[in-house]
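Look at the two complexes coming up: chain A is in both, with chain B in one and chain C in the other.
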Partner chain A sequence: MTVQTATSPAPPPTRRRTNGHRLRGWAYASPTALFVLVLFVVPLALVFRMSASKWPLLSGDQGINFPDNFTAAVDNRFFVDSVVFTLKYTILATILLIALGLGLALMVQESSRWKGLLRTSFLVPSALGLASASLLFYVLYSPLAGPLAPFMERMGWSFLGSPDAALASTLFLIVWRYAGFYMLLMLVGLQSIPGDIYEAARMDGANRWHTFSKITIPLLKPTLALTTILCVTGSLLAFEQFYILTKGGPDNSTITVVQLIYSVAFQGQNDLGVAAALSVLVLAALVVINVVQLRAFRGSDES
Partner chain B sequence: MRITRTRSARLAAGIVTAGLLVGLAACSSADDSGDDGPAVSAGPDGTDDGTTLTLWTRAPLEKQAKLLVEAYNDSHENQVELTVVPNDDYVAKVGAAAGSDGLPDLFAADIVYVPNWVQQGLFQDLTAQIDGLDFKDQINKGHLAAGTADGKEHVLPFVLDLSMLFWNKDLFAEAGLDPEKAPANMTEYAEAAKAVQALNKPDTYGTATGLNCGGCLVFTWFPSVWADGEQVMNEDGTESLLNSDTAKEIYSTWKELWDSGAVLPSSEDEAGPTWTAGFTEGKVGLMFYPATLLSSTTGFDVGVAGIPGPEGGASTFVGGDGIGVSKDSENAAQAWNFLSWMMSEDAQVGVLAKNNDVVSRADFADNEYAAKDPRLVTINEVAGQGDTPVALNFQQAFNAPSSPWLTLVRGAVLGDGANVDADNDEITAVLGQ
Partner chain C sequence: MTIATVTHADPTAELPPVRRSAPPTTIAGLALRTPFWVFSGALAVVFLFPLVWTSVASVSPKPGTGQVDGWGFGNYVTLAHYQAGIWQYLANSVIVSGLCVILTLAISTLGGYAFARFRFPGRNALFMLTLAILMVPYATLLIPLYVLLNTLGLQNSLVGVALVLTMFQLPFSTFMMRISFESIPRELDEAAMVDGCSSFSALWRVLLPAVRPGLITVGLFAFLAAWNDFFAPLILINDSNKLTLPLAVANLRVQVQGVVDYGATEAGVVVLALPCIVLFLLLQRHYVRGFMSGALKG
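Let's turn to the complex of A and B:
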C-alpha cells in the first residue's frame, strides 16, 4: 500500500538537478496540481471559510462569526442522534458487506460451473446508481403502490414503518447494491494469492479451515484493509439511500450526519455556515478514523 | 530532504492561491445585504417591448404555469421563458442563485416561504404598482399579507391551492350516508369515515392523510383549528398555539379514527408523494384534499366543502405560490407587465378558471366556468374565508422532514399523546430562532 513509501528512507541529497529540471518537473505536475487545486483545495478552503462565517443560504456571506457555527452545530437537536445512528449504520453495513463480499468471492472462485452467471448476477446491481436503486426500493417498499403491499397489510407491518424495520430495509438495499462490488475487490485479492502456497499447505495436511484462517486471511490483509476503509468511509457519508427511502423518519430515527448537513443547509434552517461547520467536524472525524484504520492494519502487518 | 522541501513549498503555494481565491469569492458576495429589495418603477401596465423574461416555478405548479406563460406569450411582445424545478430542489436552487446574483426576472415561491424570502431581500418592492391596481381589495389577502414586510408589498398570488373537504358520493351512498351533505364538524367527519370503513370493502378505507408529511398536515389540519375561530400561531409567527383545547380535540379525533382502523394504513408512513392517491383512486370515503386536484378525481362523484373544526364552521389553507420580481432582475418594468396581465380577467378567468383552477381575485369567484360546476363556486368562496399562516421559520418548524410539528402529530395520533405540550414548546423554540 502507499503508506509504505512514507517509511522508506529518503535518497541522499544531490545537487545534480538544475533549475531547468525543476521547472520541467513543475510542468509535468501542473495538470494534476491544477485539478487538485480547483477540485479539492479551493472547495475545501471555501468550506472552512463558510464554517467560520455567518452565511445564510439566501443572502450569502455576512462576515466572520467564529466559533458560533460550531456551537450551533453541536447544539443542534439532532446532532448526537445522527452521530449515534451513523456509527450504528456504519458498523452494521461494514460487517455485512465485508463478510458477504468475502463469502461471495470464495463461492464464485470455487464453483466452476456457474461461475460466470453467479459473478454477473452479483455484480449487476452495482451498475445501477445508488439514487436509482433507492427509488426502485422506495416503490418496492411502498405500502400503497408496492408489489409487496398485500403482504405488508396481512402482516400489519411495513418495511419503513418502524425505526428498526427502516434501518434493516435500508441495509438490505445497500447489501443488494454493493455486495457484488466488494465481491469483485475480494476476488482480485484472492487471485493474487499464489496457488503454490495453497498446494504447500495441502501437502502439510492443513484442512480447509486452517487454509482459510492461516493463509487466505493473512495474505488478503491489504484487500481487507482497502475494502474496510472504503466501506467505513462510504457508510459514514451515507446520504442518498436515507434521503430517498426514509427522509430521516420514522420519527427522526434514521438521520445520518450528511443528511443533517443537507437539512441544515437546504431544508428549513437554510444556514450554510452551520452546515459547513458540521462538514468540517465530519471531515476531521473521517481523517482521525482513517488514520486509526491505516495504523491498525499496518501495525498488525509488521508484527 | 529535498523531497520534503518541494512538498512543503507546493503546499504553501497551494494554500496561498486558495486563500486568494477565497478572498475573491468573499468580495463578490459581500455586497448581498439582507435588506428589502429596491422599489420597482414602472407604469400601471409595465412595458411590453419584446424583452425575454425568465420565470422559475416548482414542479407541482407546472400545469398552471405553462398555461399562463403560453397565453401570455401568444398575446404579448415580451416572451417568458419558463423553467420548472423539481419540488425538493427548489429552495436549494433559489438559494444558490440568490447567493450568486443569478435569480431569474420572475420567480414563484411556496407561499409559506414567502415571508422569509421577502425579508432576505429576494423580491423587489412592488408597493406602488400593487396599490395602483383598482381591484387591489379583491386580490387574495392571505397571499398579499405573506408578501408584505414593513408595509411594503412584494408578491402577488400566482396559483392558489386550497385544502378542502372532499367526499366520495358513491361510497357515501353505499354506506347509507346522505351523499349531498358534507359532515358539518369533526365528529360527523369521524362518523362518516367509520361508516365507510364499516362497509368492509377490500382496499377501501374511511379516510386518509399524510402522517409523515409535515406540509400535508399543515395544509389539511390547520384549517380545522381556524374553523373554530382559534389560531395556530401568534400574530408574529414566533409562538406556536398548537396545544390549544381545539387543537387537542382535533388530535384526539384523529387518534380515535386511527385506532379504530378507519384510516388508510399507508398514511402512517406517508411522506407526501402519494398522500392523495387513495382518494383519487376512489378507495377513500372522505379526506382533506387539495382543490387543485379536483380535475383528477374521475370515475366517481365528488362533493366539496370547506374544512370543518370540532365545533363546525369552515376554513381552508390558502396555499399555493406567490410570485414577484427578483432582486436581480433588470427588466422590472417588463416583469410587471406579466404580473399585471396575470391579475387581469384574461388570465384569471380565461386561463385559470377555464382549466378548473382557483382564481385569486374574489370578484371573479362566480365566473362563467365556475357556473357550470357549483363545486368551483364553493372552492372560490371558501378561499375568502381561509388563512395563510405567516412565520419566518415556517419551513423548519413545520415542513421539514425532521420538524417538531411532525413529532407532535405523530406522538398525538400514533403514540399516547402525552407530549403535546412539550412538543408544542419545541415548535415555539424553532419558530423563535
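Let's turn to the complex of A and C:
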C-alpha cells in the first residue's frame, strides 16, 4: 500500500487556494493527526526509549541502562530457538498459502453458480477471527473431544503431540483460515490480465502449462509480490495460533518471537525493557526483510 | 500503477470475466467434468466441515460437558454462567467493537475527505505516516501503549482498547475513504459549495451518500477486527470483568483445574463466529469489493 500511494496522483489543483482552504484541510485531517501522533508516533518513540532503559513491569522507568536489555534479549534461552522456529514457520506458511491461494483462484476464476458457491465456502473461514479459529481447532484436534479422537487413540498419535505434528497442525489451521483470503487477492490479480493475451496464446497453440508459466505467472508478478510480502510479514508476527493452539509446546518447540516478547513482558520475567528491546529487534528485522523482498521483486523485473 | 475502483454492482458474481467458453453440456462433457466436481466439492467440504462440526458438537451430548445426555443447549447454559456471565463479556465486546466502528468511520471519513479534496502543508507526510502504521509490528506498539495508556489513566479500560484498535484500523480505512472520495467527480461538491453549502455541509449532505459503499466496507472491517482482536485486550486488560469475548472463551478452557470443558468452548466459538459469518454473508460483495478497490494493478 505504501508504495502504491507514493505514486498515486495528487488531486488536480483547485482554482482558489487560500489560507482558509489550507486551514480547513488541516481541520478535517486533525483527528487523524491526533490519533497517529498520540497512539503511533509517541509509542514508537517510547519503545526505543524503553529498550534502552531498565523498565520493570510494576515499578516503571528506572533510568538508562543501554545496551543491557539488548544483550539480555539475545541471551534469553529461547531467543535462538524462537527465531529459528519463526523463520521456519514463515517459509512454510508463505509457500503453502501462495501456492494454494493461486491454485484455488485458478480453479474458481470462471464465473458459474458452482464456482461462486466454491468461492464462498473457501472465503467463509476468513470471516472468523484468528483467535476463534484457533479455539475451534483446539477442540477439533483434541484427543478427547475431537471427531478424530477414536482414530488418534488407536494410532497412539495426536495432532499436537510432537513438535512436527504441532507445526503441521498449526499450518493446516492457518491454511484453512487464510487460503480464501489469498485466493481473493489472486483473483483480483488474475482479473487484471487482459483476456485477449490468452486468446492470442491459444491461437499460437500454447498448451495449458505454457500459458500458465509464460503468461499467467509473469503478468501476475505484482500480485505475487504483494501477497508474499503480506504473508511473510503476517507469519513473522504469528502469535494467537501458537498461544492458543499449541501454547508453545510440546517442549517449548513452537515458541514464536512475538510469544517470547509477550512472555518476557507479562509472564514471569515482567521486564518491559527487555521486551521493548526484542520489539525493536523485530521491527528492524521486518524492515530489512521487506526491503530485501521489494528489491528482489523489483530486481527480477529488470532482468 | 493505478488504483482500480470497481464500480459494478456485484463483483463476486461478475469476477472475473469468463475466459474459456464452457464445454457444451453433452454426456461426454459431463463425464469430463465429474472429476472436477468431485474434487472441488471435496475441497469445499474440507473448508466447511470444521464450522459445521463445531456447531453440531456444541449441542450434542458428551460426557464431562454441560450437555451430558440428549441434544440441547446445556453448553450454552454453562457458557452463560461462566464467571461474570457471558452477557458481561458480550457487552464488553459490543462496547469495544461499537466504539471502534464509530471512531474509525468518523476519523477516516474526515481524514479521507481532507486528503482527497484539500491541499495543506504536511498532507503527504501525514498520509504516509498513517500508512506506516502497517509496517510496524503489533507487539512493538503494544508494549509502549501499555505504559502510555497507564499514564493517560486509561489502564484496564475498554475505551483504551477501542482507541488502540481504531489506530490500527486507520491505514486501511483512511486509504479506503480517500480513494472513495477521489472517485467522486469534484464538480459534485463544487456545485454544492457554489450553491452556498459550507465544506462540511457539502461533505455531510452531498458526498456522504455517494461514498456509502466505502463506509460499509470500512465499518465492516473495523467491526470484524475489533470483535475478533485477541492481542490488544490480552495486554491492555487485567480485570476479569472487563475481558472481551475472545479472551473470555480462551480462558474458559481452563475453568476447572486442568480439565478443559470442550463443550462450553465449542459453544463459545459458535457465539464468537456467528455474528462474523452472518455479517460476512450479508455483506459479502462489499467485503470482496473492499479488497478489489484497494488492490494493485501493475
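The rule is short, and it goes like this: the second predicted complex is superposed on the first by the 263 of 303 C-alpha atoms of A that agree within 3 Å, B and C clash if a C-alpha of one lies under 4 Å from a C-alpha of the other, contacts with A are read in each partner's own complex, and residues count from 1 in each chain.
Here, a residue touches a chain if its C-beta (ideal position, glycine included) is under 8 Å from a C-beta of that chain, and two chains touch if they have at least 3 such contacts.
All values reported here derive from a predicted model rather than from experimental measurement.
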item: Partner chain(s) touched by A:V292 [first = chain B, second = chain C, both, neither]; value: neither
item: Which of chain B and chain C A:I91 touches, first, second, both or neither; value: neither
item: Touched partner set for A:L46, first chain B, second chain C, both or neither; value: both
item: Partner chain(s) touched by A:F266 [first = chain B, second = chain C, both, neither]; value: both
item: Which of chain B and chain C A:A33 touches, first, second, both or neither; value: both
item: First, second, both or neither for A:A200, with chain B first and chain C second; value: neither
item: Greater residue coverage of chain A in the superposed arrangement, chain B or chain C; value: C
item: First (chain B), second (chain C), both or neither touched by A:S158; value: first
item: Touched partner set for A:V80, first chain B, second chain C, both or neither; value: neither
item: Chain B versus chain C as contact partner of A:A145, first or second or both or neither; value: both
item: Chain A residues contacted in one complex by chain B, in the other by chain C; value: 10-11, 13-14, 29, 33, 36, 41-42, 44, 46, 60, 142, 144-145, 265-266
item: Chain A partner contacts - residues on chain C that touch it in the complex; value: 1, 3-4, 12-20, 22, 37, 40, 43-44, 46-48, 50-51, 53-54, 57, 62, 64, 106-108, 110-111, 113-123, 126-141, 143-148, 163-164, 166-167, 170-171, 174-175, 182, 186, 199, 224, 227-231, 234-235, 246, 249-250, 253, 260, 262-263, 265-266, 268-269, 272-273, 276-277, 279-281, 284, 287-288, 291-292, 294-298
item: Of chain A, residues touching chain C in the complex; value: 1-8, 10-14, 17, 21-29, 31-33, 35-36, 38-44, 46-47, 50, 55, 60, 104, 107-112, 114, 116-125, 127-132, 135-140, 142, 144-145, 147, 176, 179-180, 184-185, 187-192, 195, 198, 219, 221-223, 226, 236-237, 239-240, 244, 258, 261-262, 265-266, 272, 275-276, 279-280, 282-283, 286-287, 290
item: Residue ranges of chain B in contact with chain A within the complex; value: 1-4, 10, 14-15, 17-19, 21-22, 25-26, 29-30, 32-34, 91-92, 94-96, 98-99, 116-117, 120-122, 212, 264-266, 268-271, 274, 277-278, 393, 395-397, 399-403, 406-407, 410, 426, 433
item: Contact set on chain A toward chain B in their complex; value: 10-11, 13-14, 29, 33, 36-37, 41-42, 44-46, 49, 56-63, 77-78, 142-145, 149, 153, 158, 160-161, 247-252, 255, 263, 265-270
